[in-house]
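Read the structure below first, then the notes.
We call the chains A, B and C, going by the order they appear; numbering starts again at 1 in every chain.
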């Protein structure tokens, strides 16, 4: 056999044979370990909360954001996170569950955030993505929009845009487009 | 037959290639698989397995020479195996018409060398990680040299990995240029290139209109729908250059491929396999391990050593064996981790196939807390791996392979 | 808006043809024009020796759809052939090797026509050349000297490219003999190398455009300011720089200062704390703010004196016209493409059109010169267009015009071997070439015979341990081929044939040596 084989040769242990012939041993994948690390180090303010439907599936969860300042204050927004086995080489897939009036989130819930697509790097973590999402509610960006109408509205008339955001958050319609009610009603 | 060949080309003494069982993994449109199969059969290897989940498409016929027009729609692995067995006497080829991920460690353990002609980074990373994890320092047979080939146009590369001993495919990920993504907002509001219009049709228009239940990249009707959407958008913005071919290329991320480059790269891979098996000459691996080939401008090869990365998440972080009494609770186990010299953990989170205990976020902590009083033997099996992370470790994390120090006395 | 160019021919709405489907992956490399050239070609393989490397080469040409191929061979299939040649099976034993290989190769592609020519005592090789015409000839070594003389004579007379291939054991080499000079227009340069924006010499339309989109730049809305194409940002700042400094930035130091000057104009009072288009502008300074210079390859074309036959070819007529254009404008015709950059769609399309129409203007000027040439009347406009677009990357391969003598080459190669370890350079593969070359006309030879043959040209050969080692390996192979080495070599030769036949990409000049032990190649001009 090859030198490297013998190089590495040590006492063969009995249970190895058992392991090779027996049941499939469960391995920890690089993606799993990384998500575990990112999640256990998350430090979220009181305005945000994660929910895991299945605690054994760390790759799929929901994030709730309740902005306490800015134009979207008083709303409650949910984002689904879908993390592939390619993480962190592939960005997590994030979608807004509600249909909302926002220049950087389209009516299907797609989010235009650079680090979710063109600027994603493996060194970035889930904390960075979550902070980025929070930022979108504090500073909606009219310059590079996904929802063109909302962006034009924001650019041309900030006050009018604010009113439209409130109306949409209350479950109203803007230009014949109906939006989901996201305002928190405290009882 | 082979004897004749050996006589006419006498080589240094070597081990019999008959003892070698090789696995070829092939996936995708590139088409290294046919070449590799032919080369191994004509290099005297007798026991070859091939995995390929794909069926034959008409666009394969200009490179994948084991297939004929009448084979279109059939399993690549099966047709290829049958063809080469018929042409080269005395070789046994076993086809597996499935995904590489469908096979387990026991399957991979039976081979001496694994050769890949895969067209996706995902599949490469999977097999690389599987072979690294398969390696057991106490079992010499668990070391499976991995030979990987890839092509793009007139260029390609061949590389050899001795899992855990030399730079692995994960260490070399930076050698693949990432596909540049265009911001979603550019696609949505300010398209400038034909590709932007196609991506818009692909990502946004398809979702809105849902013309078919699910997008099938190989269905011409679907591609035509995307093409027409993209074309209409391009017209709206005065952008020229949207064609059917470009649409197909962008949506399927088509990499140009030609028979001659396949021949070069496949033969280079098989030459390395031959050198490993015969030990007739030094193979790529321990010193130089990477051969880059470019035929665009004259011919240029660069053969070099890609260094192993200490912080590689795959080969730099192997599972350590950890003796554990399956009758202690998870809480006691966590306390014992804190005492281990290399770990000295303060707030460890632990997962196995299931989540054992997560310190954060709060909801997950709450959900996993009941596990703390459970016995280790209830939570993991003997030989399973667990992953341990802790904020105090910084970028480091640990993998442990559970080795039960005594039998688990089930309380149930 | 300056001008809306509607030159886009509406693409056909139906899907690709069967042929486009079959050849899709290669058409993305050499397009329909390259495919047509392949389909019009007729390749001859004069097969000798153990016979695998030539057949492997043909496989890689039959698959992409070469028009026609012919194998000429005088061998009969033996047991030994079956172990290395995939295009022979047991049923072929005792039959004509050329006929058998043609039959099995032909199976690969029904679009291709294969012919065989089994020569021997009753049927001399000469007969092959009586009525067939070949686009390119391959022959494998070792070869009978008389046969070699015959095909060399044919190739010389008909000006047909000739390629020789030798594969034995872990070694191989191949050599191209091109008839005279071999110019290439479509060299497929790296897409990152082709940006040519002429920012230091803007023409009036471009300057006007830049001025219009940077008008009152300080007071533009955040949206407008954040969408000025970087090209206009650079032109605007160049104009300001020139009025302040009296000249454009030219040294590296000035360019970095200019880069800071551009960077300082970025607005940071926004949510992102910067602007993408300004980032793009800053990143593009060093690459785009430089006066274009002629590459050595283009100079070589300009300096070349084509002979009478060559000078009436369309390449040299257009090259001459471009040279005239260059001496008048001190610049090559504008290629006319604009890289993608952050901008509003309409503004970007407007900018694209400015470059396109300038490029078209340049083409017309070159075309005018071409038409004045007596041979230039019928040269298609598209050919002039393609030439102008690629002008900065045209290349001339000399073929076999007087390379250095083998002794000079050996001196140079072995001299650099002495410092190879220090310079971390791989060792020369010339010993492999010399050793294989020494067995060009014999089926096999001992290592001492090989070294003796080499010594006739390089007297010091026997004292060079690397030559002796290579000779030993060649001797050990006894003329036998290793399938992997022949398959790999056949792949490289097929790439070269494709490059020569399609006149796209850049062929080797003129010898490529492969060492299967160290997995390296080296290209030498021998």
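Descriptive notes on the structure:
In this section, a residue touches a chain if its C-beta (ideal position, glycine included) is under 8 Å from a C-beta of that chain, and two chains touch if they have at least 3 such contacts.
Since this is a predicted model, take the numbers as computed values, not measurements.
The most centrally placed chain, judged by C-alpha centroids, is B.
Contact analysis places B-C first among chain pairs (by count of C-beta pairs in contact). Chain C has its Cα centroid 46 Å from the Cα centroid of chain A. If each chain is reduced to the centroid of its CA atoms, chain B and chain C end up 32 Å from each other. Mean C-alpha position of chain A lies 26 Å from that of chain B. Contact of a single residue of chain A with at least two other chains is seen at no position.
For chain B, the set of residues that touch two or more other chains comprises 186, 190.
In chain C, the residues that reach two or more other chains under the touch definition are 227.
Contact residues on chain B toward chain C in their complex (touch as defined above): 1-2, 4-5, 8-11, 29, 35, 38-39, 42-43, 58-59, 61-63, 65, 68-69, 86-89, 153-154, 158, 186, 190-193, 220, 223-224, 227-228, 231, 237-245, 248-249, 254-268, 270-272, 274, 281-282, 284, 288, 291, 293, 295-301, 303. Those residues of chain A whose C-beta lies close enough to touch chain C in the complex are 135, 139, 141-143, 155. On chain C, the positions that touch chain B within their shared complex are 4, 7-8, 11-13, 15-16, 18, 20-29, 50, 56, 59-61, 63-65, 79-80, 82-86, 89-90, 107-110, 169-170, 187-188, 227, 340-346, 348-349, 426, 476-485, 487-488, 490-492, 494-496, 498-499, 505-509, 512, 516-521, 523.
Residues of chain C that touch chain A in their complex: 221-223, 226-227, 270-272.
Residues 15, 104-106, 109, 121-122, 125-126, 129, 133, 136-141, 143, 162, 165, 170, 173, 180-186, 188-190, 203-204, 207-208, 276, 279, 286, 313-314, 317, 319, 347, 349, 351-355, 358-364, 367-368, 380-381, 383-387, 389-391, 397, 399, 401 of chain B touch chain A in their complex.
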